[in-house]
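The data blocks that follow each hold one structure.
The following pair of complexes shares a single chain, subunit A, combined with subunit B in the former and subunit C in the latter.
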Partner chain A sequence: MKTQTSYKRRRSVSYAKWGYFFIAPFFIIYFTFQLIPLLSTFYNSFFESYRVGLTQVGPNFVGFQNYVQILTESELPRFAANTFILWIIGFIPQILVAMALALIFTSYRLNIKGQGIFKTVIYMPNLIMASAFSMLFFALFSDQGPVNILLVSTGIIDEPFRFLSNTNATRGLIASMNYLMWFGNTTILLMAGIMGIDQNLFEAAEVDGASSVNVFFRVTLPLLAPILIYVLITSMIGGIQMFDVPQILTNGNGNPDRTSMTMIMYLNKHLASKNYGLAGVVSVLIFIVTGIFSVFVYRSLTKSSREEKKIINKKYKVKRKGGSYGY
Partner chain B sequence: MKKLIVLLLALVMVFSMVACGEKPVETEEPTEASTETEEVTDAETEAPEVAEEGKVLNIYCWNEEFQTRFKTFYEDAGKVPEGVTINWVITPNENNAYQNKLDEALLAQADAADDDKIDLFLIEADYALKYVNTDYTLDVINEVGLTEEDVADMYQYTKDICTADGKLKGVSWQACPAGVIYRRSIAKEVIGSDDPADVQAALADWDKFDAVAADAKEKGYFMVSGYDDDYRVFSNNISEPWVTDDKITIDPSVKRWVEQTKLYTDNGYNNKASLWSAEQWAGAKDDGTVMTYFGPGWFFDFCLMPNCLADSEGEAEVGNGSYGDWGIVKGPQGFFWGGTWVCAAAGTDNVSLVKDIMYTLTCDVDTLTSITETYNDFTNNVPAMEAFAADENFGSDFLGGQNFVSVLLDSAQSISMENIGPYDQGMTEEFQKAFKDYFDGVVDEETAYENFYTAIMEKYPNLSK
Partner chain C sequence: MDTRVKSSEFGAGYRSKIALGKTLSYILLIFLLILCIFPFYILIINATRLNAEIQSGFTLLPGRALTYNFKNLFSNENLMILRALWNSIFVSGSTALLTTYFSAMTAYGIYAYNFKMKGFVFTFIMVIMMVPVQVSTLGFIKLITEMGLMDTLLPLIIPAIAAPGVFFFMIQYMRSVLPHAIIEAARIDGSNEFRTFNTIVIPIIKPALAVQAIFSFVASWNNFFVPALIINSKEKKTIPIVIAQLRSADYMKFDLGQVYAMIAVAIIPVLICYLLLSKYIIRGVTLGSVKG
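Let's turn to the complex of A and B:
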């Protein structure tokens, strides 16, 4: 039997502990400002605790009663549907337009001049505060606001169209705001992704006689997959937590008829009466939903690399059993 | 060059972190103890920590109405003692921000530093009971130092609303009887005359009011500007409180409002405006087509008048917009709307200053008379108001020279506070919000009621249907 060469006795200087020092600040801050509030939210959701006027009711331990109340009596599923709708009708145009723009900007044939200016301009809406943006849209699209005045005076419509009393119009406005704020960011990301693809692949495809459409679907898209999935997951998490734009636009009510009320807006309603019990439940449920989605997307993202690891592990095991190859 | 930029950025970041540590209000150097030596004996009957008056008076309110009156009649009259700074903490009412801030301050009162303690705060009729029923407000007579005599001339209802367990907890400078404010030029066309007596006859009850609304529509005018304008008339005349034993009751009077507004909206008698929105005031301008607004003195002075001017920077006088083209009548039902009460916060360190402010601005008949003359408020002094009503020469330019006090006088005497409760504000807001969807045609009546109950139980989790 071969004795294993002992590599352990070799003296070496380990700088490993410095790594821990450098990542420590993040973990300390995460622990204090994220983990402890997270755990205390879980804890609070089992209590009945709210304030009426200036008198505090609770905290009284009620176990899962709050969960039952939220899951059966409240309209949380409806608000979840609202959140999803608001997210998706903003996200689809966002990704399509961003993809189109990214392709146009990175195309050698088109060779657009002044790309720097374009990139700056499309990124700028991202810098506006969502609340200021919503106030602007609220003023623009109000019953006698500039947009209505314009539409009526040019004769497109006869009477002012009440945007904020119409479900689809309100949702459309919220989706447009989200789209405007984020499509610049997505374009830049996709551009970076496309520029990272090896130019040789494109040349090889052209040599093989692929049309532009084929090149796009067979070469660009599969290689952009990691970036696309990153965009999808971050946008989804942002979408689940959508709050500022609809809150300001509809003044906290998600009108009309709460059709634009998102889950976090609903949570905020409970906080108006300092109802930490019910608000805690909504938080926990959102956390679980986000967790499930993230795990799902993460697993599909790393599916190929996990499969590769499995294959390597199998090979390694076979080799170990079969004989020594000097590993 | 790069290093320079990096250095500048670092400095900017450091300075921005340091800058937010500055205190915006600096308290002045304490000079002598304040000049109110003779009132210290009064103060000493109160809580033991008030031995010496504080140097900062913290006043919490939501707009500048009280501030303007305070400045004119207290500060400019030189009554603020030496060395005392008045600190105005004004938080608008939007999304309940004012009450949230007030609640946090009151709950932290015991541990706050003397200069940070809240001393005086203002409350509205809608949520008065929320504060009056607690120990956070001081008894105006026994603890702050006003006398029964001082408040004797006030309208009884303004005292009733702020009385809990027999203790008076807040005082007001205004009584708020309200009426129908009509546009004279439009009334001439629709009713045939703009004389208050004729207009009152034409609007004497709700059926007549509806009939005039139909006429107005034919002639191209809106009767009211939106859904919530006359809500208060109905909600004031309810026969039982909104909440009894934590159970919600919706009064028939309020249901009448729902019916009327739905009818008006479907027939186009209103302009679908929301309360306090730009659209509401657009109907009051020179070319506006709204015939009536509902409200008391503060409504037509503080809200309607500035918004009816064509030139907002110019003088408020006849010729500027629709100024002067308005009149007021009692309307189909008497009602009141709001009102602001001044309360002393428990634990205040400026008790005698608070007492003096309360006396000057709410009890002193000279101040109240001036307030009526300058601001068209219906002030809280029965003899003074009766004198104004009888005075033939008193009139408001905004109302075309009309003496509004005589119109509102008997409404003021008949206002009843029997059915108010601590949940009124939430009820009013959520009811109006829920039914806006019904009037817009987005939901049906059943759903609107359901939505109302859902929203109100989120706001007040202890209530049930």
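Let's turn to the complex of A and C:
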């Protein structure tokens, strides 16, 4: 054993330079096109720099003035709230439906046929171009679009409903698109999580006479908690980055009255108009928020294995106390 | 005796309960199935109908104007859709190639070799995985402007070489399928390290390369935020930018047959690829679950 390790070490030392060779392209490109731009974004957030017509103002160093301006004068807080609302009304049905589907698919009692087809179809919207999907919804729900034609001709409503002039309807449409695009993905993740749970636990619970509701709340849900947290936080991080769908649906205006304007849409506006100082501040703030969430992702990932062990131990202990079904 | 009676009673109720659960499950599944398919169904139907037909009503049966709509769309000089299609294919194809090859290379560098910075490098890549592209876009635009690459396709392709998520998938895959003994064996046979990677490692990790190639192709095909800020000229536009252009134009004045045909052009190719490869893609989703 000892000779093997020293042999390995000796070999690896002579090959170390190859390690650097293989990772070099990644780092050269990363530093050039990601890290330096990121730092430059931070740097720019401290400068006054914008365009009025054809004249360029700045860049002049202004310290934290841009930050103060964004946090106190701009509508960014409102757009952050919009983003959160749009995310949450899409996420709640998404997680509930995904959970139900994951339970249905993994239940050996229900033994659902044609799972392949169902999974293929529900995952499909995830790969669709978000901007085209949004354009499609815009066409379908426009004032004279097929949905209105259908609703009027069947007599459900008397005259076309203007979906995109109504705050709730617009938000609802954006949330539905996000829901449609992501519930299949979430289902597949939750299924993998449920299938990863030790089957003995389910059998033991069943033998103990636990109802399926009890099994769900006492076994499945606690063991699935790490994956649920993972899904929740990655979805939030995705939610913060929401752009394509509302941008196309509302033509970049966040209509009506900017109630569906997201943070990234606001950033996009500043970037497009070369208002780099404020764009920098928005970028930094989004970076910070994402960073905080990411820490939770890592926590949930490293915690998951430990907690699973704890719960399994508890279950087995209970079982052993009962005494009848010991191994 | 007593318990037996009880259990049989329990059995009958249990069976009908399962049957009910089964029925409800299928109803839910079929409802969701229709929900997912319906928008695409209308899209395909309306792409085959004339503008006047689309505006006058709605049918479940396809019309006969499919070729007419596409002919109009492809010859529309404002949209230059064929050009955009080619740009999109070129960008997505190159991105998929670069991203998979170089991510595999990076993963191999960390998987197969021991070097001083190894632990740090791995942690570093894991940390940057969560940084959204949007937050560095400002600096990226400035850099691209200085490099004189504004309004070219290159800035949409080259950065794909550094893809932390793909890297993570690759290294996980190597850990599960690539024994160190194979690398050793190649060394003993006198193979150069780079050649070992290209001729031995790449074929072994082909399934992972394929899955990630599909994902990165689709991601690049759908990419909208950065391209929209970098591309200005008509000849350089990719499909999502043309979609946005379509949206910002006066919608009601447009030939709706063409609008639906345009959306179909953006969606259908990915849809067909997906349906052909769905088995591998869905497996890939589970494998890369940590990717996010």
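By our rule, the second predicted complex is superposed on the first by the 259 of 327 C-alpha atoms of A that agree within 3 Å, B and C clash if a C-alpha of one lies under 4 Å from a C-alpha of the other, contacts with A are read in each partner's own complex, and residues count from 1 in each chain.
Simple rule for what comes next: contacts are C-beta pairs under 8 Å (C-beta built on N, C-alpha and C of every residue); 3 or more make two chains touch, one makes a residue touch a chain.
Please read all numbers here as calculations on a predicted model, not as lab measurements.
K.L.:
Name the contact category of A:136: first (subunit B only), second (subunit C only), both, or neither.
P.N.:
second
K.L.:
Considering only the touch criterion stated at the top, classify A:162 as touching first (subunit B), second (subunit C), both, or neither.
P.N.:
It touches subunit B, and subunit C stays clear.
K.L.:
So, A:20: does it touch subunit B (first), subunit C (second), both, or neither?
P.N.:
In the superposed model, A:20 contacts subunit C only, not subunit B.
K.L.:
Does the superposition put A:283 against subunit B (first), subunit C (second), both, or neither?
P.N.:
In the superposition, A:283 contacts subunit C only.
K.L.:
In the superposed arrangement, which partner chain does A:251 touch: subunit B (first), subunit C (second), both, or neither?
P.N.:
The answer is both, since A:251 touches subunit B and subunit C.
K.L.:
First (subunit B), second (subunit C), both or neither: which does A:144 touch?
P.N.:
In the superposition, A:144 contacts both subunit B and subunit C.
K.L.:
Comparing subunit B against subunit C, which has contacts with more of the residues in subunit A?
P.N.:
C
K.L.:
Thinking of the overlay built on chain A, is A:36 touched by subunit B (first), by subunit C (second), by both, or by neither?
P.N.:
Second partner only, subunit C.
K.L.:
On the A-aligned overlay, A:272 touches which partner chain: subunit B = first, subunit C = second, or both, or neither?
P.N.:
both
K.L.:
Would you mind listing the overlap between the subunit B footprint and the subunit C footprint on subunit A?
P.N.:
142, 144, 251-252, 272
K.L.:
In their shared complex, at which residues does subunit A touch subunit C?
P.N.:
Of all residues in subunit A, those touching subunit C are 9, 12-13, 15-23, 25-27, 29-30, 32-41, 43-44, 97, 100-101, 104, 109-112, 116-125, 127-133, 135-140, 142, 144, 146, 149-150, 153, 180, 183-185, 188-189, 191-192, 234, 237-238, 240-241, 243-244, 247-248, 251-252, 264, 267-268, 271-272, 276, 279-280, 283-284, 286-287, 290-291, 293-294, 297-298, 301.
K.L.:
Inside the complex, what are the residues of subunit A that reach subunit B?
P.N.:
50, 52-55, 57, 75, 142-144, 162, 165, 167, 251-253, 255-258, 269-270, 272-273, 275, 278
K.L.:
Which residues of subunit B touch subunit A once you look at their complex with the stated criterion?
P.N.:
Counting only subunit B, the residues touching subunit A are 95-96, 103, 106-107, 130-131, 133-134, 136, 272-273, 277-279, 282, 422, 433, 436-437, 440, 442-443, 447, 451, 454-455, 458-462.
K.L.:
Which residues of subunit C touch subunit A in their complex?
P.N.:
Against subunit A, the touching part of subunit C is residues 18, 21-22, 25-26, 28-29, 32-33, 35-37, 39, 42-43, 46, 54-55, 57-58, 102-103, 105-106, 108-110, 112-116, 118, 121, 125-128, 130-132, 134-143, 155, 158-159, 161-162, 167, 193-194, 197, 218, 221-222, 224-225, 228-229, 239-240, 243-244, 246-248, 251-252, 256, 259-260, 263, 266-267, 270-271, 274-275, 278-279, 281-282, 285-286, 289-290, 292.
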